[in-house]
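To start, the structure under review is shown below, and the notes come after it.
Going in written order, the chains are labelled A, B, C and D, and every chain counts its residues from 1.
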Amino acid sequence: MSTHQQTGGRIFTLPFMLLGIVAVIGLYYIVERFVLGMGAVANINGGFPWGIWVVYDVVIGTALACGGYALAFTVYVFNKGKYHPLVRPALLASLLGYALGGFGAIFDMGRWWQFYNILIPGNWNFNSVMLEVGLCVALYIIVLIIEFSPAFLEKIGAKGLLKVLDKVLFFFIALGVLLPTMHQSSLGSLLIAMGYKVDPLWQTMQFQPLLAVVSALIMGYSIVIFEASLSNVRFGGKSETPLLSVLGKVAMGLMIVFVAARIIILVSQGKIGLIFAGDFSSIMFVLEMALFILPALILMSPTSRQNGGLLLIAAVSMLFAGALYRFNAFLFTFDPGPGYAYFPSVSEIMVTLGIIAIEIMAYLVVVKTMPVLHRSEQA
Amino acid sequence: MKRRDFLKNSLRAGAGVLAGAVVAPDDAEARPNLEPKEGAVGMLYDSTLCVGCKACVAMCKEVNGMPPVTISEIDAWDEARDLSGDTLNVIKIYKDGAGKTKDAEVNGFAFEKRSCMHCVDPGCVSVCPVTALTQHPITGIVSYNADACIGCRNCMVGCPYNVPQFQYDKTFGQINKCQMCNQKGVERIDNGMMTGCAEACPTGATLFGTRDALLAEAKRRMELKPGETYNYPRGDVSKPDSYHEKTVPAYKQHIWGEKEAGGTNVMHISSISFDKLGMPPLEERSAASVAEGVQHSLYNYLALPAVALAGLSFVVKRNADKAKDQKGERS
Amino acid sequence: MTRLLVGPFNRVEGDLEVNLQIDEGRVTEAWANSPLYRGFENILQGRPALDALVIAPRICGICSVSQSLAAATALRHAAGITMPENGMLSANIAHGAENIADHLTHFYLFFMPDFARDIYADQPWFASIVDRFKATVGTGAAQWLEQRRRLLHVLGIVAGKWPHSLAFQPGGSTKSIDKGEKIRLLSTVQDLRRFLETNVFADNLDAVTELTNADALFAWADNHPTGDFAQFLTVSRACDLDTLGQVALPLMSQGAYHNLEGSLFSRGVFDPATGKRNSVNIDAFSEDLTSTWMQGATAHPANATAHVDADKDEAYSWCKAPRLNAQPVEVGALARQVVDGQALICDLVRAGKTHVQARIVARLIETARLVSAMEGWVKALKPGMPFCEEKPMVKTGTGSGLIEAARGSLGHWLAIKNGQLSHYQIIAPTTWNFSPRCAAGVAGPLEQALVGTPVRAKEHDPIAVQHVVRSFDPCMVCTVH
Amino acid sequence: MAEKEFDTGGFDFSEVEKRLGVTRRTFLTFCAGVAGSLGLSTNSAMAMAKAIAQPKKRPPVIWLHGQECTGPSESLLRSEQPSLEHLILDMISLDYHQTLDAGAGHKVEEIKKKSMEENKGKYLLVVEGAIPVADGGIYCKIAGETMVDLTKEAAEHAAAIVAFGSCAAWGGVQSAAPNPTGAKGTQAVLPGKPVVNIPGCPPNPANFLGTVLYFVTFGKLPPLDEQNRPKWAYGRLIHENCYRRPHFDAGRFATEFGDEGHKKGYCLYKLGCKGPETYNNCPSLEFNNVGGGVWPIGVGHPCFGCSEQGVGFNKPLFSLADVKTHTPPNAFPEIDDRSDASGASTGAVALASAAAGAVAGATLVTARKLNSSDDGSNSDDQNG
């Protein structure tokens, strides 16, 4: 018998309907993008070919979907079985995040009708970070489907398949740890080839993959805390704060590593003075560091760590910090040369908001119809 | 296990797996810049010779079959302001103050050509996941294959000069960039011709030739004293269709493309410092070489990932079995 | 025996002075002096070959097309280029228009006004000559200037501007004439024909060109007395212009108005003394500097070198002394028509000597012939076909451009080394006609023609001398370059 | 008709109509045209017309010929409406002109001296041709006197001096290297004297007539540039007004006479056209009064800069010109001009802020709820 249950309840609630409106607007612009071309919807240009669709939907979106990765690490590599209840909802969030990130990659792909070219080995350029990202993400989506499939199989009662799956699942779980490590680090490596265009405060060259994967893990733990907190408020059940506070502590450790690494790298590359330049880049850097340090301070104190509200605030701060780290590096302080500027258009933002709305709606539908959330002891 | 241990473990494991898999700074330096190809062809743009006639821009459009870029409604005039999906070459102006004197940095103006520099170590080729961008093994020409391209636009961010441009305004757009007039169906270089822009240039401001010959010519010009006359060749530096005499300007002692990020096959010289002409702040080491170094030390023959996968599989299986046993015992 | 310096001559192109030795009211010896020097041949050396096309024509503002065509011909010869037919026709049309303009300007503005001077006030024809030809007020000159402006439209259409047209190239003409322009050209030439048939000849042009001898000419003039040509003939008979300015030297023409088949006016040398017509041996040209303010050996223009020596004692002119077989020759419309065998003109010099009357008649007869030829050239233009052969200039070579300007034979000789002119020599028509004495002491055609010219008592600017000098239509700026 | 266009103020033009042999309308249109190209008003045109019509205002003119080819005079002779001889007779009193004079020999030299004496300080001196100064000026003598002496003599009491043609303005063709005769322009031998230069080889007759008209009408010289050329005629580069300019801007060039580009009327810059460094009004005035694009560039020959000192006869015919101006300068995109670079729209900023704010707000609300639930009570909505 599964330890998970579907929450049930009405699907078409008012918030759901509101999200639906946002989703429909987003989808409308996605259709427009396919009919009239990207320029009709997005503000991307010659110097900023990557806008929020890449940076938010793919780079940040998948990092936000690292909950599954972070928990898989925790549960299966470090053998922390007690976190098992958090795994399935995290996997669902990861699957949705990655699937929609993949969708985002498709509608952001200029020549989407030729996407299969990246699957043909003859085309592969092994020097390309993008190749690795593309293939790993594609593969990881499949892995996530397999990892999450027990929920669906339980729902339809396919016990035979579940048994078979149970035998091989360890391999997919291992892949589910390896693949995000690879492509999340590679999302950082993408920055290396951009050279001078990436602001010196963010252009750490060969340290990019390390910083990327560490920040992805931070965001992964944060999103687990965030989702669990929200689910708890939304769907009730036993408070999971004690469990979450430990995850928060891990995230805090990673943050200390991350911030220390940033500072050490800047010092070793002789760029530390740029922090005090007082320009836009330095302000953004300080803001980003504040968003990292604030939750670290919160989480350092065991009392506030046990406070669900503070824990959530810390988690959201970490999410903002991780997102801002990526936004800063890829967009905000990105400087391709004189005269270039980028700010997303309304339609472009609506597409991203639409995708987020779809993600939340899908999450709500799935948790209400499939055994995802952990069976509450009271229930 | 105690929380402390967990934390310790996780940090240790993080350091182990991640450091092994993600950081290899020493190896990352391993791949040096690519070297110029022996038979590399290129162009030399001498900003001081440019008169802003835009013959090269028009010829480029004609040779490459590109439509005019218009600001107004009327399609009669090409008004391209910058490189775009429909413009592979454009002449821009640097202006300062009154903008009176040509080739003067202060209160002067100067022309500058924007087109593919055909890097010796091209970033676009390095980052393209599907080998849609390639560098010719002999000529060093960087060309593009739309049939392979998926439109990820990594080449655009990977190019230090923002050269590859996507046709955002088209339903089925593609990347466009200068391919030295040697793409399929044009093949001017293969047929012993020079690039359209070099052929059209009335003053020899855009000079065609092998990289070696052009670099030698550029160095010759660096040696000239301002005020003396020099017989400037026009067309192909090795067999100019004509010469014209002109007073030598005060060249900046800098051949852009000799060394920047591994060098370029299209080189620029000018009497204005290149940062003012919009050239990027490049070091001699190419970003592509660093990125590839990192990537290769991590993923060479997929050895590291394979080992990691094997290790992870073992650990996960062991832990999962253990968990099942515990569950079995408990229930 | 007295000496008289006549000059400066106005109403000639450029500066001219003539030194006369007079004995018993007749000129016994004459020295022609051109007091202007510009050094074109020096300026041209060392320049890119094609620069000859802009520098050489600046020698003269009146026969600039001739200079331009001579330079283009020499370069064409050096480069071995063949012009397309349209290019030849364009050149002929422009050249013809310029030459006609020169001939009639000479007639109306330079030559005839001398007969409206008060010295002739007692002559029966004086009143009508004053009416038509008096300088600046004569009605004939006014009508001609008006017509001339219209005629010069031809040069505008064919060559872009005049003087100093730029259109003529070794390969042809830069101007492609279209159908509309062809019609404009034709109407302009026909307009000129009307002017000639109304004002100048007062008769059909064919009737004039078909006259074969002097008797027929004067008979015709009596029947068509209203034309300006007839007026001249009246004066000519009254003043015995056929005895004035006599000279017996070979007459030379280098051939003019070439087309695919040959030329409108043939090339050759006519010796009036023997009445024989021979071919021209261009290699027998030489330039003698004995009386010129220059140093240099007597040599063929393709090899000649000269440098200025303004203090040379025996010299009296900037003009060189060109010779054919060491002999001076007379050139001009008269020479062209005689060499071409035009019956009337041949008849006028049948006595073995050229004279003022024959020179003037030859110009007007040539004008009449040219107008018909120009109509033919315009009609033969093929709009849409090439006007210029694309061929690059050679880096090394030699060439000569021998043509006929209005005033006579014009030759350019050049050599190109490394794409630059290493040698440039010009012999202009008036250089032949106004040549000073050579080493052998032989005087030039004008100097010979002036001998015997009557000089009235107390005449400072002897009128007969003016007639003789002007009958050659001197172009001094071409002469000294 | 003329009355409608011009306020003649009751002035009687019948005399001038007769003298010039033109209708009043043609005459006034000519004056208006000249005034227009001089940048003057119709009132000025009327002043000009009246000045021409009043013979008493005719200034005497002394016309000297130096080293020259009579090209400028020739080009004047073909000017039309009113034609030169009419203008000579009507507008100015040409007391001395070697080529056109009726008289001969020393007689005219005497007339010249007499006129200069009588009109001291009133006559207009026109110099045509260069003045050789090498070897004491012996390379150009008139009536035994050198041109340089004659010029100085005539200039001494001239009311104004006009150097007509490139030779007179700056030495012209004979001053080209090696300048065997030391040929100089008029100004160069008359330091300190104001000389109006009307360069060109030949100069456009309208530029001379316009200048003289201005002088006759207003009694002073028109505004001049640094090289003493009338601004109204030499104010702009040929390149700026050339009808082939669009081809230059579009990069369409003829490369050989008779090639495809040449046949199509493309820009002649590659053939050495000096229009980009030559100041003159040829493109608007054209030549020979034929109309229809009759001027050197119009017939497919590059400008060679005949009027521009240091260009004509000095630079090789087929060498490239220095492009003096690049007008209009705003036709060139500046280095940082990116056609498609986008700024932030207010709506987009608001939307992005709202999205970020919504997350932050939701977080705070949820955090409060979490705190209350952690305090012991269950969440208030269990079924959603």
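What we mean here is this: contacts are C-beta pairs under 8 Å (C-beta built on N, C-alpha and C of every residue); 3 or more make two chains touch, one makes a residue touch a chain.
All values derive from a computational prediction rather than experimental measurement.
Colleague: Which chain lies the greatest distance away from subunit C when centres are computed from Cα atoms alone?
Modeller: It is A.
Colleague: With centres defined as the mean C-alpha position, give me the subunit C-subunit D separation in Å.
Modeller: Distance between chain centres: 35 Å.
Colleague: In whole angstrom, what separates the CA-based centres of subunit A and subunit B?
Modeller: 31
Colleague: Just the number, please: Cα centre separation of subunit A and subunit C in whole Å.
Modeller: About 96 Å, centre to centre.
Colleague: How many angstrom lie between the centres of subunit B and subunit C, each centre taken as the mean Cα position?
Modeller: 68
Colleague: Considering subunit D alone, which of its residues make contact with at least two other chains?
Modeller: 319, 334-338, 340
Colleague: Provide the list of subunit B residues touching at least two other chains, using ranges where the numbers run on.
Modeller: Those would be 82, 84, 168, 278.
Colleague: Tell me, which pairs of chains are in touch?
Modeller: A-B, A-D, B-D, C-D
Colleague: Can you list the subunit A residues touching subunit B in their complex?
Modeller: Against subunit B, the touching part of subunit A is residues 34-40, 42, 44-47, 49-50, 73-81, 84, 109-115, 117-118, 123-132, 134, 169-171, 173-175, 177-178, 181-182, 185-186, 189-190, 192-197, 205-210, 213-214, 217, 246, 249-250, 253-254, 257, 336-340.
Colleague: Any idea which subunit A residues touch subunit D in the complex?
Modeller: 7-10, 13, 39, 43, 45-48, 226, 229-230, 232-236, 239, 241, 307-313, 316, 337-346, 348-350, 353, 368
Colleague: In the complex of these two chains, what residues of subunit B are touching subunit D?
Modeller: 51-59, 69, 71, 78, 80-82, 84, 90-95, 99, 102, 109, 111-112, 168, 200, 202-203, 244-246, 276-278
Colleague: What residues on subunit D touch subunit B, complex-wise?
Modeller: On the subunit D side, the touching residues are 248-253, 267, 269-270, 276, 319-320, 323, 326, 329, 332-340.
Colleague: Where on subunit D is subunit A touching in the complex?
Modeller: Against subunit A, the touching part of subunit D is residues 334-338, 340-345, 347-349, 351-352, 355, 359-360, 363-364, 366-371, 373-374, 378-379, 381-384.
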